[in-house]
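The following pair of complexes shares a single chain, chain A, combined with chain B in the former and chain C in the latter.
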Partner chain A sequence: MKLPVRIDWSKFGLPAAFFVMLIIFTVINPAFFSARNMIQTTRQGAILFLIVSGQTFALLARGIDLSQGSVMSLVSIATISSIYVLGAYAGSIAGILFGAMCGFINGMLIAFLGIPPILATLGMLFVVSGVELVYTGGVTLTNLSDIDQGRLFWFGGGMIGPVPVPVIFAIIIGFLLYYILKYTLFGRQIYLIGTNADASSLAGLPIKRVIVLVYTVSALLASLGAFFLTARLSMGFPQLGEAWLVLAIGGAVLGGTSVFGGKGGVWEALLGCLVIVFLDNGLIVSGVSTFAREAIIGVVIIVACLGSVIKRRV
Partner chain B sequence: MERRVKLSQSPILSFKGITKRFPGVVALRGVDFDLYEGEVHVLVGANGAGKSTLVKILAGVYQPDEGEIFFNDKRAIIRNAEQARRMGISIVYQNFNLINKMDVGQNIFLNREPTVGKIVRRVDWSRIYRETSAILKRLHVHIDPKSLVGDLPVADHQMIEIAKALAMQSRILVLDEPTSSLSEQEIEDLFHRISSLREEGVAVLYISHRLEEIKRIGDRVTVLRDGEYVGSESIEKISLEKVIKMMLGREVEKIYPWKPRPVGEVVLSVEGLGSRGAFENVSFSLRKGEILGISGLVGARRTELALAIFGALPTHSGRLIYKGKAARFNNPGDAIAAGIGLLPEDKARYGMFPILSVAHNITSAGLSLLVRRFGLNPRLERNITEEYVRKLNVRTPSVKTEIQSLSGGNQQKIMLAKSLFTNSEVLIFDEPTKGIDVGAKEEIYNLMLELAGEGRGIIMISSEIPEVLGMSDRILVMKEGRITAEFDRENATQEKILEAAL
Partner chain C sequence: MKKKTAFLAGVLVICFALVFSLIGNTQVSAKQLEIAVLVPNGVDPYFTAKRYGYETECEKLGVKMLFYDAGGYANVNKQIGQLEDLMQRGIDGIILGATSAKGTVPVVDKIISKRIPLVIDNLDSFTKKPVLRIMKNGVLVGQLRAVYIVEHLKGKGTVLVLPGPSAVSLCQDEHRGFVTYAKHFPGIKVITEWTPSSPDAGMKTVEGILQAHPDLKAVACFSPPLTVGAVRAVQASGARKGDIIVVGQMLDAGMETLMRKGWLQATVMCDHIEMAREAVRMLVKEIKGELKPPLYHQIDHYLITKDTLDRFDRKGSTYPKEWRK
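Up next, the complex of A and B:
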């Protein structure tokens, strides 16, 4: 028997707020809407989108990945170090795989040893940043050959027509992730496991395999973000990832991915990171100080979390 | 007979023309209803009839849109839970609100702890335990006030909830489905307690799906249907058939639509199965097209047996023969792939994905069936799940609706669809009609017969003896992890089953 379908208006709230925000910043300072500023901001946005998408995988599975930031720093160092030996292309791939491996270990700790995600990834955060600081002594890695530097820089700072290269990659990866979440067994299993692990177990789902993959994907996407950042800087920066973890979790939740698992996705990740990068940029253009900016973004994230909690209760 | 209410007195509580609307639906429409001191008033109605809305108005959770409430002949407005409590209304909800890590006394006096001392106010523990003992004694319950709630059986939780209500000096006690987690003996005890409360002049509003309880405990019955008040009758003057007719709005020939049907070869044999700490040496066989009922009291380990067959609980002895071959299911995935389906008893915990759609719930155990060249095929998923929704008559806006927004009976039908979706040849239904109304029950019984008619073997675990008697071809009785009796349909009686179960 059919009952009437109700439209969920709450879905349109954030996109509407986003456009209102764009208009307000443009009125305050028309330079905000200039082509130059938009291109710069989407470049940042593309990188944040990758990291937020990774975090989204962990959150969907009712977990969290706190090691993303330090894995990013590690990838920056590992990429440059590998390029010294392997050249720009193979070196970059090695660096990214190094990061993904940290995620694989996270997944094994969580799935097979039963360590809660928040603790396993917190431990990984310290291990990775410790190892990386011992290795570099906190010193930035530079001195790439001109050929390698040129090749590497293109990934982070290059343009294809009017579009920054990381944006192109982010769009392709975004579609791929959307496909994975919506049309693959793995994707569906993440939602099921994140919603009810006990019921998933009785439904015969391969919970351990899915969890390992989820944290591998989370770290892989953070590593890709780190790679584009490193490419733009063309150097290995030991503190590269520090600021990004909070933005990753904040962006995911802001977009509507639930911290209670099973709800959210790529669209929410995109929405969340667009709001964060344009809010941040708009505040800069409007002349707001760095500290005040951080505070404002923090408040926005907390309010968004509150929204997620209230929705869950109703 | 003298215990029956003297209706000459005026009611302690009356609802006059109460209407409550929610967006798009009228939950209650002009409901009149009286409650007297010293009566047990049974409120019945199918799922969605408005019972819980009525209780929530009584609890001060909802405000009626129209109509008036009279308390002791005076117009009253119940603004919130606190005010309901001050008026002496106590509600024992279906899902208990007890804290497992606290003891009985702490639970009963939670948030109302008496204190001593003027400057530093200390909790008066000795008074808490003294009064708890007194209340438990009054209920004839033998529980140590200092034992942890989590260590006590579920049946005791029910009594503690009632004790909590009594500690508040309640004049009106609302019991929402109090027997759904109790065994036959415990229900008997509970009814004794309710009777003595009635003698003390407490007005009891008793909400139940179990019709056979109406005659055992009630003085009067009120029937709601689709938010409408159908009528109130004295229990002595009304037959159960009449009550069912009032609930459904039509005649029901029989509650159990069992019909004889051909039964095929053995599809599953369990030989000497044992699981440490749960059950020992369990042997039985199931034939194609057969409905095998498993009866027993709470704690007979029937659910554990089901889980062990399904590969979700390790076994240490015995074996399974499935379709003529020795089979070993190391996990539920193996069992599902082989063609075994399980409808778990605790659907909220082990069955449902509450925030996911009806479609995603139905397909959750058999996702690989939806894989086509480009991965999961959403159109296929929609078509198949819509077919199930139609076939099982599930009331839902669409297959995209979140399952948590549907009623219990409809959720249960979706859980059934989930176990069918994997093309199961053996279906294990653990308490398939627990907590759902007569209409939905009837539909589930008919469906079980249809499935058996298609040649599937069905194991039905049920604590309701009439249901086991009414629906099974053969009946096993379990007690403390062992099978204590087996009956053919013709030879089974309520007395024989109880004797084997006790």
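Up next, the complex of A and C:
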């Protein structure tokens, strides 16, 4: 007997797997699907979504941004340092701009000096890590004034009605990014460059300008993620972003963004980060040990990468 | 005449040789000692404070100090590379806080066999060769946390232990100390989550565990970053101050604020700045051949609560605010 409707598993496979996963974890421990757990997990997911979206931009243009983690750490330090001087709001903006500036430099190095993205962003990773450690001397920055801490904390830990503030921001930014990629010239140019850079160049596309913008956006989104995380912790931690780079690349690839460029988008970024965040949370809530948890997440990312390679061959 | 001249020339040569060798020897003994300090995770406030201790003691003794940070407990290879580079450099002595107790053994064995003076400072490397050690008593630290928590929970409740990175010997000792004490109280249920020593890891883990165990009554943390992360998760859960007891490790400015505000109930301290100073003194004595046994130096620990916060002697554990600015 044939099914009346043919399901495109390449499109709906991951969402289906995601919902099955939600059901399994809920059966194992109903607390997984509680409102409180959903709120805190989506809060974590919102931060990861921003970072994964940034990485998606770089991957779409057939590049990669390895500096995201260290840029996050820099933003954490720059934000708190700036708040000491400028107050919560201006200081936060200054911190985020510091991070975006790193992306701009990445873009310039790649577009105008012809340094491969993997090397340019790797170099930036070391430069930024070094600079922030020299600046802080490795010291964690804390002790904001109560007023500044209250204002900052709202961005990371506050709620608007039943929804965490970072989630609201992530939704707005997500729609904006979706619009940019789908309906603007800049968005289409990213896909074209990612699909075939040589042809795009021959067609007269402003490749250099697009590349600079892509890496600026990537760093800006990582900076926003770092800002919300810093706000939540109310501290500047010089290694804040260390663990996030792997999740950013993993999330983007897991969602279906191709590591070979030109395929993917915001929806894929969202899916990827939801799977990672809920998988991690579900495993904790289900009582799976730390070591097994890391192995499971690693296997899921490898399988997703394998899927990306197989799809490309087919 | 010729013989006389030759004799005089010979005497002169010998005199010159003696003078030069004396000058040479004087230069060797006056040469500034150069030592290296290697830590696994320099951004941890514990190591920041210790750096102050190393720096000030080196300054006092006229020793040049090179400081190396592995950048996290996971970077075992990086630390091994740093140690190998230092061996090539011909460093006078090394103070090591190991990223991994087992992973660093081959390189530490090599250092010992090359007779480079070495002091292992708190984070052990499981070498079987004799080496100087200055250590915290990890088991006792774990037990101090357990005693405080068990007493406040009156022997009943679910406790989360965040011992930090699993490859670190001190974390294993602290965990063992906690568990061996808590097991005498059947009403205490211990959950262990090994995590990196970062605030976001601490926060995420406590948030998850709070869902799985809404009856969670206490959290014991290995490091200041984990402690701050755990407190943030407790705050976000809607719990009131003291509903969930958090016991940390060390005390930096951020933790002190949390303790004064009532979110952090206790923290286990040691005079870690004094410990760093002692490590430098031990190493310099070893380099000069002045050190006599014991080869193992252990330091004391104490527990601080909000009530004793303003009364304990901070000399050995707090660096001046103006330092590192």
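Throughout what follows, the second predicted complex is superposed on the first by the 305 of 314 C-alpha atoms of A that agree within 3 Å, B and C clash if a C-alpha of one lies under 4 Å from a C-alpha of the other, contacts with A are read in each partner's own complex, and residues count from 1 in each chain.
Heads up, the rule we're going with is that a residue touches a chain if its C-beta (ideal position, glycine included) is under 8 Å from a C-beta of that chain, and two chains touch if they have at least 3 such contacts.
Every value quoted in this text rests on a predicted model; they were computed, and no experiment measured them.
Q: Superpose on chain A as described above, then tell me if chain B and chain C fit or clash.
A: fit
Q: Under the superposition described above, what is the C-alpha centre angle at chain A formed with chain B and chain C, rounded in steps of 10 degrees?
A: 130
Q: According to the stated criteria, A:192 is in contact with first (chain B), second (chain C), both, or neither; which is it?
A: First partner only.
Q: Touching A:202, do we find chain B (first), chain C (second), both, or neither?
A: first
Q: Under the stated touch criterion, which partner chain does A:242 make contact with: chain B (first), chain C (second), both, or neither?
A: second
Q: Mind working out whether A:127 is in touch with chain B, chain C, both or neither, as first, second, both or neither?
A: Neither partner.
Q: Contact-wise, after the overlay, does A:21 reach chain B, chain C, both or neither (first, second, both, neither)?
A: neither
Q: Would you check which partner chain A:93 touches, where first means chain B only, second means chain C only, and both and neither mean what they say?
A: So A:93 meets neither chain B nor chain C here.
Q: With the superposition applied, I'd like the minimum CA-CA separation between chain B and chain C in Å.
A: Closest C-alpha pair between chain B and chain C: 36 Å.
Q: Which residues, counting only chain B, touch chain A once they are in their complex?
A: Contacts found on chain B: 24, 310, 312, 331-337, 342, 344, 349-356, 360, 364-365, 367-368, 371, 374-376, 378, 393-398, 400-401, 418.
Q: Which residues of chain C touch chain A in the complex?
A: 41-45, 47-48, 51, 69, 71-72, 166, 193-196, 198-201, 203-205, 207-209, 211-212, 214, 224-225, 228-229, 232, 235-238, 252-254, 257, 324
Q: Under the stated contact criterion, what part of chain A meets chain B in this complex?
A: It is residues 1-6, 179, 182-185, 187-189, 191-192, 195-196, 198-206, 258, 262-263 of chain A that touch chain B.
Q: Could you pull out which chain A residues touch chain C in their complex?
A: 29, 31-32, 34, 36-37, 40, 44, 129, 133, 136-140, 142-143, 157, 229, 232-235, 237-240, 242-243, 280-281, 284-287, 290-291
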